[in-house]
Amino acid sequence: MNRVPDSELTMVPGGTLITATPEEGRALAFAIARHTIHNIQPDLDVLGGGRPNYATTPDSLIAAGHVVAVEFQTIAAANHYWRS
Amino acid sequence: MNRVPDSELTMVPGGTLITATPEEGRALAFAIARHTIHNIQPDLDVLGGGRPNYATTPDSLIAAGHVVAVEFQTIAAANHYWRS
Amino acid sequence: MNRVPDSELTMVPGGTLITATPEEGRALAFAIARHTIHNIQPDLDVLGGGRPNYATTPDSLIAAGHVVAVEFQTIAAANHYWRS
Amino acid sequence: MNRVPDSELTMVPGGTLITATPEEGRALAFAIARHTIHNIQPDLDVLGGGRPNYATTPDSLIAAGHVVAVEFQTIAAANHYWRS
Amino acid sequence: MNRVPDSELTMVPGGTLITATPEEGRALAFAIARHTIHNIQPDLDVLGGGRPNYATTPDSLIAAGHVVAVEFQTIAAANHYWRS
Amino acid sequence: MNRVPDSELTMVPGGTLITATPEEGRALAFAIARHTIHNIQPDLDVLGGGRPNYATTPDSLIAAGHVVAVEFQTIAAANHYWRS
């Protein structure tokens, strides 16, 4: 198997939910969502093979965006929404 | 690739979840949801090609509205629901 | 294009999440969910054309109800659940 | 149109999210979810016509249960989870 | 109709969201999710007839797990996450 | 039936939602989500038979990731987001 590199398997990259800015928090939400997929399916060839279809299907993109939104809820709460 | 402009790739446009009004908060929810899609699929031709189908399919519209609702939950909480 | 009237495009009708009663809060959840769809698809003919199918399909009705439930969570929290 | 009776269209039956017990709170979650559908589709013949299919399809039942779960989250929070 | 027994129709079995342990809280989440389905479809033959398909379809299992996760969020919050 | 071992059926492995780190919290979210499936479908042959399809289908992977995200919300809140 052409395996996802170990760095892509860390479930919470950086080891913390705390970030300096909303933008970094959002990037973390993307990374956590992506690494979740990697942990369930660590075969790069399978992941790459599915992408052309998924990334051109609006419903799949919306579903992926939904997951990022949920991860971001958690991260934003962790950071008290970067209020001040 | 006909790439989405950089301004459409900022994950949290404006760099903050704090807005003056609920209407602006809702607009931010839309923008964050849309930019999420742009980051996963930055090819404008693919995005534009999918739109005629997605934007005329009720289930897709409902799914997109669901994501905006989740993003808005986060933003509304960040703003203490603009209570006073 | 036979465009949705401007009043149907306001993202947070009334400009506030605060309502006097749960019933009004629920009505606002419906309105926000509906206006979200209008902002993504402002063509009344497309919206009207999709309705006969969506409104008679149980899974679509359930999905629409799900979105209203999420919007209502936000509004109910904003109003401290109209507790007293 | 064979219209749903008015009592089935009240969006928050009883006009409050506060209930004496978790069981009553759950019943309210069911009612709110059901009345949401009624408001989107108030034609009893359409509703009745869809039921044989939806109520025998596991995925539809799961989706309906998901909506009740979300409504119950709101009601349970409103009641401080009936903790004491 | 071969009806689900009354004990399987109680919406919140035990009449409280408070449990001694996370494991019991999770069991309650399962029970609440299952009883929701029973209340929508109380015919045991229909429920049993759907199971062979649903219980062998990954997407259906994931959807069912999602509902349990949402119910558990509510129960865990009710119990202050069994923190001490 | 080739049954999932008992250790895979514990609903909340470890008996607590409290973990030392976000990474461990995320691992617990995965475990809880997986054990939920095991409890609904404890037949290893059925689970194994479904995996080749589910684990190579982007939409299924996204749906699974969504469930992990919801479980993680609960666990992260339980741990006050491991803030300090």
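Which chain is which? They are A, B, C, D, E and F, in the order written, and residues in each are numbered from 1.
Convention: contacts are C-beta pairs under 8 Å (C-beta built on N, C-alpha and C of every residue); 3 or more make two chains touch, one makes a residue touch a chain.
Bear in mind that the values here come from a model prediction, so they are computed numbers and not experimental data.
S.K.: Please find the path from chain B to chain D through touching chains that uses the fewest steps, and give that number.
M.R.: Steps on the shortest route: 2.
S.K.: Which contact partners do chain A and chain B have in common?
M.R.: In this structure, no chain contacts chain B and also chain A.
S.K.: Same or different, please, for the chain B to chain C contact, judged on whether over half of the interface numbers appear on both copies.
M.R.: Counting which numbers both chains contribute, under half are shared, so the two copies meet through different residues.
S.K.: Just the number, please: Cα centre separation of chain E and chain F in whole Å.
M.R.: Using C-alpha averages as centres, the distance is 17 Å.
S.K.: Between chain A and chain D, what is the gap in Å from one C-alpha centre to the other?
M.R.: Between these chains, centre-to-centre, one finds 33 Å.
S.K.: How many angstrom lie between the centres of chain B and chain F, each centre taken as the mean Cα position?
M.R.: 29
S.K.: Going by the contact rule already set, what residues in chain F reach two or more other chains?
M.R.: Residue numbers touching two or more other chains: 59, 63-64, 66, 70, 73, 77.
S.K.: So what shape is it, when you link every pair of chains that touch: line, ring, star, complete or other?
M.R.: Ring.
S.K.: Which chains make up the ring, listed in order from chain A with chain F immediately after it?
M.R.: If we begin at chain A and move next to chain F, the sequence is A, F, E, D, C, B.
S.K.: Would you pull the chain F residues touching chain E in the complex into a rising list?
M.R.: Of all residues in chain F, those touching chain E are 10-12, 15-18, 32-33, 36-37, 39-41, 46, 49-51, 53-54, 59-60, 63-64, 66-67, 70-71, 73-74, 77-78.
S.K.: Which chain C residues qualify as touching chain D in the complex?
M.R.: 21-23, 25-27, 30, 55-59, 61-66, 68-70, 72-73, 76-77, 81-83
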